[in-house]
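The two complexes that follow have subunit A in common; it is paired with subunit B in the first and with subunit C in the second.
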Partner chain A sequence: MATTHIDSELDARGQLCPMPIVKTAKAIKELGAGGVLKLLATDRGAVTDVPAWTETTGNELLEWHEEDGVFVFLIRKAG
Partner chain B sequence: MLGEQELMSVPGLSEETVRHIVQEEIERAAARDQAVRSAAFIASKGTLDWAYPPLILATTAAASGMDTSVFFTFYGLNIIHKDFERKLKVSPIGNPAMPMPVPMPNFVTGLPGMGPMATHMMKSMFAGKHVATIAELLESARDLDVRLVACQMTMDVFGYSQDDFVDGVEFGGAATYLAAARNAHVTLFV
Partner chain C sequence: MPDQEKLVIMVTHGPEEPELATIPFVMAGAAVASDVDVVMGFQGDGCRLVQKGVAETVTAPEFAPLAGLLDAVREFGGTLLVCAPCVKSRGIEEELVDGAEICAAARFVAEITSATSTLVY
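And then the complex of A and B:
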């Protein structure tokens, strides 16, 4: 798998709905168009919420996987 | 523009092409629809447990790029009252769904001290799981430009003044809510 360039990282581990999404929105806002955010979350709801949020906002969920109970998402800002 | 029936009757246009054109037109119309990006909630309940749903939905809607407003009416005014920390309580009376430390008949929950105990218990449970506090959700709502509107009529009935509410609250009535709601696909009464 080719490595994706990460522009910023957000650690939302330990936080529950709605905070991982609220903070993701803020982090994405601070990125330039096409920038990639790496999000770490332990909220199980994030597994469905993050794809739902990227669909609503038009940002792109590049990939996600689980690493020792932590969900890692790579999100590319639209534009 | 031609209607679907007329398009079908144009020689040389296959049904598939017509369906494709119609689908594109629908998508274009949806992209122009501002209501897709708007949400208008009503918060009418003034207990700690019921303060969460409207604030969680409103912050998430705003974080999803939607123009979002919450209209606080009747007991919902508690949520944006400056003294919300003290005013928002949870009552186990008549709420058999509330998890209790030990099983007990619901009438016992009416005994003195049970209300404060239930409130304390819920706050500890939420803190233990790292659920955002009401103060944090209100702060997020402000950061995300969620419009917080207090119902002037119920304020008058309950004897509240505008100074009783947290910063950034606007004041209005049913027409203010409806003006927001008629332009929003997502409207919910909580």
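And then the complex of A and C:
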């Protein structure tokens, strides 16, 4: 599997809903079109919030997985 | 931007009910982060939440602290409208957070009738 290039990483571990999304929105604004953000979150709500947010905002959720209780998301900024 | 979605969120619970005070800010935070135009309307005890220094005292269990949510709503350009008689009766007209705007019923009606949806808490 090809490795996705990560342009920026956001650690939202310990942040409660909706702060992971709020911080993601800020971090995505700072990326160029097509840039990829890696988001780390521990709030279980992020599992449904992140796909809903990417759908609403037109950004792309490339993949997500859980790793030792941490939810890891790769999001590509719309371009 | 005519295509911009707009959500009006009416807040009527104050710091004595931290969960019901916080939930509208959670919805507002998620909305502004999703590029939705947000107008929060504070009536009754809800207006206490935009009195300087009060948001910092409100944290509901398992919710993000209210002060950070309020900051997020303001940072993303959300509008904070506060009921004129509600702040007058509480003597807090001069103590509101920066950006909070005192207004009357017709402004609320105008915001609500031009919104995509309105939530009332």
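Keep this in mind: the second predicted complex is superposed on the first by the 79 of 79 C-alpha atoms of A that agree within 3 Å, B and C clash if a C-alpha of one lies under 4 Å from a C-alpha of the other, contacts with A are read in each partner's own complex, and residues count from 1 in each chain.
The definition used in the following text is that a residue touches a chain if its C-beta (ideal position, glycine included) is under 8 Å from a C-beta of that chain, and two chains touch if they have at least 3 such contacts.
Computed from a predicted model, the values in this text were never measured in an experiment.
By the touch criterion defined above, A:A78 reaches neither subunit B nor subunit C. In the superposition on chain A, contact is made by A:M19 with both subunit B and subunit C. By the document's definition of touching, both partners, subunit B and subunit C, reach A:W53. Common to the subunit B-facing and subunit C-facing surfaces of subunit A are residues 15-19, 21-22, 24-25, 53, 56-57. Chain contact summary for the complex, subunit A toward subunit C: residues 15-19, 21-22, 24-25, 49, 53, 56-57. Residues of subunit B touching subunit A in their complex: 56, 59-60, 62-65, 129-132, 136-137, 140, 143-144. By the touch criterion given at the top, residues 14-19, 21-22, 24-26, 53, 56-57 of subunit A touch subunit B in their complex.
Taken together, the subunit C residues at the contact with subunit A in this complex read 26, 29-30, 32-36, 62-64, 68-69, 72, 76.
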